[in-house]
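One structure coming up, written as structure tokens, with questions to follow.
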Amino acid sequence: MKKPQEASISITGLAKRFEKSPLYQNFSLEIPGGQITCIFGPNGCGKSTLLNMIAGLIPLDSGQVRFGGRALKDIKIGYVFQNYRDALFPWLRAIDNIKYPLSSTGVSSRQCRLRAEELIHQFDVGFDLNRYPYELSGGQQQLVSIMRSLATKPKILFLDEPFSALDYESTLSIRDKLQDVFISTGVTIVMVSHDLEEAVYLADNIVLLTKRPTQIAEVITFNAGRPRTPNILSDPEFVRLKAYSLDVFRREANRS
Amino acid sequence: MKKPQEASISITGLAKRFEKSPLYQNFSLEIPGGQITCIFGPNGCGKSTLLNMIAGLIPLDSGQVRFGGRALKDIKIGYVFQNYRDALFPWLRAIDNIKYPLSSTGVSSRQCRLRAEELIHQFDVGFDLNRYPYELSGGQQQLVSIMRSLATKPKILFLDEPFSALDYESTLSIRDKLQDVFISTGVTIVMVSHDLEEAVYLADNIVLLTKRPTQIAEVITFNAGRPRTPNILSDPEFVRLKAYSLDVFRREANRS
Amino acid sequence: SGSQTAPSSDSSSSPEVIVKKEKVVASWLPIMQTTAYYVALKEGLFEQADIEIESVKFENPNQIIDSLVSSRADFGPPGAAAGITVLAEAKAPGTFKVYGLQGGGIKSGFINDGLIVKPDSSIQSFKDLKGLKVGTIPGVQWETILTYILHKNGLEPGSDVTIEQMAVGLQLPSVVSGAVNATLSLEPVGSIAEATQQAKRAMTNPVAMFIADPFYSGAAVLTTKFLQDRPETAAKVVQVIDEATRLANQNFDQYRPVISEYTALKSEQASYVAQPRLRSFSELDSTDIDSYQKFVDVFYEEGVLDQQMDVTEIMLDKSELA
Amino acid sequence: MSSSSLNRLSKAATSLLSVNIGTLILLAIWWIAAALELIDRVLLPTPAETFVSLWNALISGDILQDFGLTLYRSLYAFMIALVIGVPIGIILGSSEKIYQSFEFLIDFFRSTPATAMFPLFLIVFGIGDFAKVAVAAFAGALIIFFNTAYGVMNARKTRIMAAKVMGVPRWRVFRDVIFFESLPQTFIGLRTSISLTLVVIIVAEMFVGSTNGMGQRIIDAQQVFDMPQMYASIIATGVMGYGLNQIFLITENKFVHWKGR
Amino acid sequence: MSSSSLNRLSKAATSLLSVNIGTLILLAIWWIAAALELIDRVLLPTPAETFVSLWNALISGDILQDFGLTLYRSLYAFMIALVIGVPIGIILGSSEKIYQSFEFLIDFFRSTPATAMFPLFLIVFGIGDFAKVAVAAFAGALIIFFNTAYGVMNARKTRIMAAKVMGVPRWRVFRDVIFFESLPQTFIGLRTSISLTLVVIIVAEMFVGSTNGMGQRIIDAQQVFDMPQMYASIIATGVMGYGLNQIFLITENKFVHWKGR
């Protein structure tokens, strides 16, 4: 079902600076299509900035981002922003926020409703989606953000700490639901996470970033089959990779 | 050093509703002074609302909040908001945001600078605090928020998911630094967390909340001495309490 | 007023069976000097001459001239500003023809203007204004007239007297509140001042006294374009205004109620305001034209006009009427 | 802000009173100033005289027609300003470059009295009513341009980014996101604009001339020194302006519910 | 928005041109309309005639004094409006109740032409310069009230809550938080206000009368049908308005750096 060549992302010679200090310099990264790539790095190393640059939301100083020959505008993208609160539209009810990526591209209102119902069912939403975003709790807003990002069945999904406001139980279940979506659609997922366990649990590739000026410390591949279940948490390979990643991260974090 | 009677919080007969549906009804809770209380509950159960009501930021429909005989306005409060981004002042540089709670109450600028330096030293800040908040990454903003909340050496500290945007390493270190602050000052800490391990690690009392309409499922006490170190994670009492809390939480979360 | 026609008694109307009404646009000011126009409207004189009038009211004489220059209007009934017409003619020679003058005069006993002061004021003439403030109508026309008169009285505006220009509606309040010591005001300000006993005329027709007696501040004008394009209609308009002027002069008191229909004046005020001196086209004589010339010369003397203007060139000539 | 129904009830009860406090203070000052004859009675009539004058004008019905015509002209001008102003404002605000290229003209004409431009409008739009409507619409549209463009320029970047990344067509980003983001500011513009439109219509009726309308009433009353009538007409005009503002306020409170969140 | 120095350079280079695009279009229309004599030459002079007239007025120096006086009066009026308007606006906006009790008056007077209120100002302030300044300050202050109060009412609640919970004294919450929160809106108010102040001063110089100032130049030129002079004076006035707006824009861009974040 997966078509690995599709929706791959290759970043070459990227440079970006804010004011005086460089953030990225001659940075290159291959993100394979149809896989889950987790980006893990210390605060302020430029993860959100990287996602924004890939998605074409902020300009690069130099370098290129290619999507396997396609143009960015021809690829359906889903994006959960780190500041999910500011990214929802407060003039639309939560349900209309979820439908918006569809309705805005001319999908019939019936289709929109069906897709929304599908998502509601899939994510087992327990609160009233007829509220406005600012009437929802942090976690509820984040869930709405995730559902909105999935509405169009995107080819690439950017998730910037998508579970940061979710409660324990929801985090586990939505993590698994995302994996389900991935398995059934083969979407390319690029996720930023601060939870190493979560990163290794979900990822095919874990990109470990250094502090500024940001470089790739290491890219770690985890080939376990899917669906991965909580059992994998005790899989020796999982434990090894997690421990190894943590070592690399610690080493980089403590480097002067 | 601790004076347990000081800065305790007692909530009695609290009621709060949004639009039609009740959030709290006849809700009572004792939060002992000079201890760390963690509030743990599903998304949208009203944790942030509860903190805001205690801090006098949004009105109660009925009920009372008492602070051991003192008036709210006489107690120094620190608060890290769940939406830490919106709570920082974008017209002040990060460093001035941190100083603001002091400078605004007439503390001399020298004193402010000393306190800020103390905090910078304490939290081992590695980024430029002369930036404006909107130039900082999510995690950096959250750290600034935490430092600001501590500037006045508050008697009560409200933390609403204070580590949600921090990276792995920072979470661990700032968690411990907060414990240090607690030990040395005896501040009453009320913290919302979605990480059960974190909650048990830090807390004297863990308040487990149910879904809406919100009730207390259970209050669990953990008496381990301080400073608690990562060793405690393997302490059998710790493991037992964590597992027990999780059970209660799961039971409540899955109740229809 | 529609296109349905009443049997015409006017001798000049054409003998054809189907009478087409000519549409003519008039721009007018709501002042006493326009009375002849009100009379013409009231008596249906335009209709009788098969003219359909589109009547546009302005508060500012400049806009009347603007509308005439831009050919948006065909003629200005009596009461259009006499001075401004000449100023515009200087910039666009050959645009206007004057076919009537309105104002007042000391000898003839019609009031055009006055020096308005508080009832208990000791000011009796312009000479008494030394060191005081005097108000007048905004703009260069009245500023020039006032400056000229002050000069004649040996006063230098700016150093001896302060001139304050103020909208007509502010003139009485300014005198009453003491903001200025006097105003040189056009009618009906003086009449209302005396009637309400809030102020009085220290001098009547001072402008006539110092510039020319009689003095005409208003004129009836039409555009040469109108005269050339539709000479017959233009002639009819002049005739109608002539007839109306005659009626107004004959029975001014009878037409007073009409004035309140067209101006700001309330009916009780219309019953006491001073009657202006209205000169129709056929009545204009050399005294009138001399007076107009003297007025225009003031503009030249005070440097507002940079060339001398001969008013006879702007006066409508009988030969020009079809 | 207040969420409980109790609050809302007490609010409704006190609202009528509270609305009046400022007004009552002003009326009191006026009344005292007039009663003590601090200011000449002829120049400043008592509130009573003024309201009697207003009342008489109302029952005789002659003020109603003027009121209606001024209202009609103002709304006509405002509608033109609205229809032109909001879309152009959004387009101007959407790009710094575009805005800059019109900034001079907007600031220029905003700072020039509409009445000084009247001769030009008279030439272009003729001497009828429409010239007055056009000049008021022009003045009103400038304010709407300015405010809407500002609203767009100050819009929260994250929301626009969110829409862009969804692949929403550019024109729909304008209609669905930028428009709403700028709406609080646009409403301020609309309220400033409707008041200004009314002011310009009144001024045109006053100084350019008109055979009817509240502006003509005001200047006529002023010219014949009928101060109670003048203040009565000013009051009626002000009440019209307040009423128009209230319509926007109510609309705004209904539609722009997310302000400050 | 553009962060690289390359961008900035090219921006600076095109800025002069881009500033002119809208203006150039208008000048072109004017030039064509005048050249084809679509409009009578006496009423609409050519751009060349107008600029020659402006140039002559400049080198003869007689426009400078009028320009200076109008600028002085406008700034004087604006300063009064600013000093009164911002604090009162903040206080009004801080409480729905207070705002409501003055809402009627603010909307009322905003919708009433300042010139219609002139008889009142004349009584209180006399006929001198200060009456004009006062009436313009009044009109300007109303706009500042309105915008500042709106800015305060639309302020982000979280920031105010953050300050409150710190135990910051109430007046400092106003000064340190609410003031800054409302600043983007306040600046819009200031820019609207400075333009309006200038307009009212000009109108007062025109219709209320004055022996100097740009308004008097305009009406004098109008009366003697010196249209090049009239448009030259209007242009000088508009440029003054643009300049004043630019000062605010630059100040705003410097101080209000957090807009839209």
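Order of writing sets the labels: A, B, C, D and E. Residues in every chain begin at 1.
To be clear about the criterion, contacts are C-beta pairs under 8 Å (C-beta built on N, C-alpha and C of every residue); 3 or more make two chains touch, one makes a residue touch a chain.
Predicted, not measured: the structure shown is a model, and the values here were computed from it.
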{"item": "Target subunit D, source subunit A, minimum contact steps", "value": "1"}
{"item": "Centroid comparison with subunit B (C-alpha atoms), farthest chain", "value": "C"}
{"item": "Rounded Å distance between subunit B and subunit D, as computed from the means of their C-alpha atoms", "value": "48"}
{"item": "CA centroid of subunit D to CA centroid of subunit E, Å", "value": "17"}
{"item": "Distance between the centres, which are taken as Cα means, of subunit C and subunit B, whole angstrom", "value": "83"}
{"item": "In subunit D, residues with contacts to at least two other chains", "value": "39-40, 43, 119, 123, 156, 206-207, 222, 261"}
{"item": "Numbers and ranges of subunit A residues touching at least 2 other chains", "value": "18, 83, 86"}
{"item": "Shared-contact residues (touching 2 or more other chains) in subunit C", "value": "62, 66, 70, 167, 169-170, 173, 177"}
{"item": "In the complex with subunit C, residue positions of subunit E that touch it", "value": "39-43, 118-119, 122-123, 126-127, 206-211, 216, 219-220, 222-227"}
{"item": "List of subunit B residues in touch with subunit A within their complex", "value": "18, 40-44, 46-49, 82-83, 85-86, 126-127, 135-140, 143, 161, 164-171, 194-196, 211, 246, 249-250, 253"}
{"item": "Complex interface listing, subunit C residues touching subunit D", "value": "25, 27, 29-30, 56-60, 62-63, 66-67, 70, 72-73, 167-170, 172-173, 176-177, 188, 192, 196, 198, 263-266, 269"}
{"item": "Partner subunit D, residues of subunit E touching it in the complex", "value": "1, 14-15, 18-23, 26, 39-40, 43-44, 96-97, 100-105, 107-117, 119-120, 123-124, 143, 146-147, 150, 153-157, 184-185, 188, 191-192, 194-195, 198-199, 202-203, 206-207, 215, 218, 222, 230, 234, 237-242, 244-246, 259-261"}
{"item": "Residues of subunit B that touch subunit E when the two form their complex", "value": "52, 55-57, 73, 75-79, 81, 83, 86-91, 100-101, 104-105, 132, 134, 152, 158"}
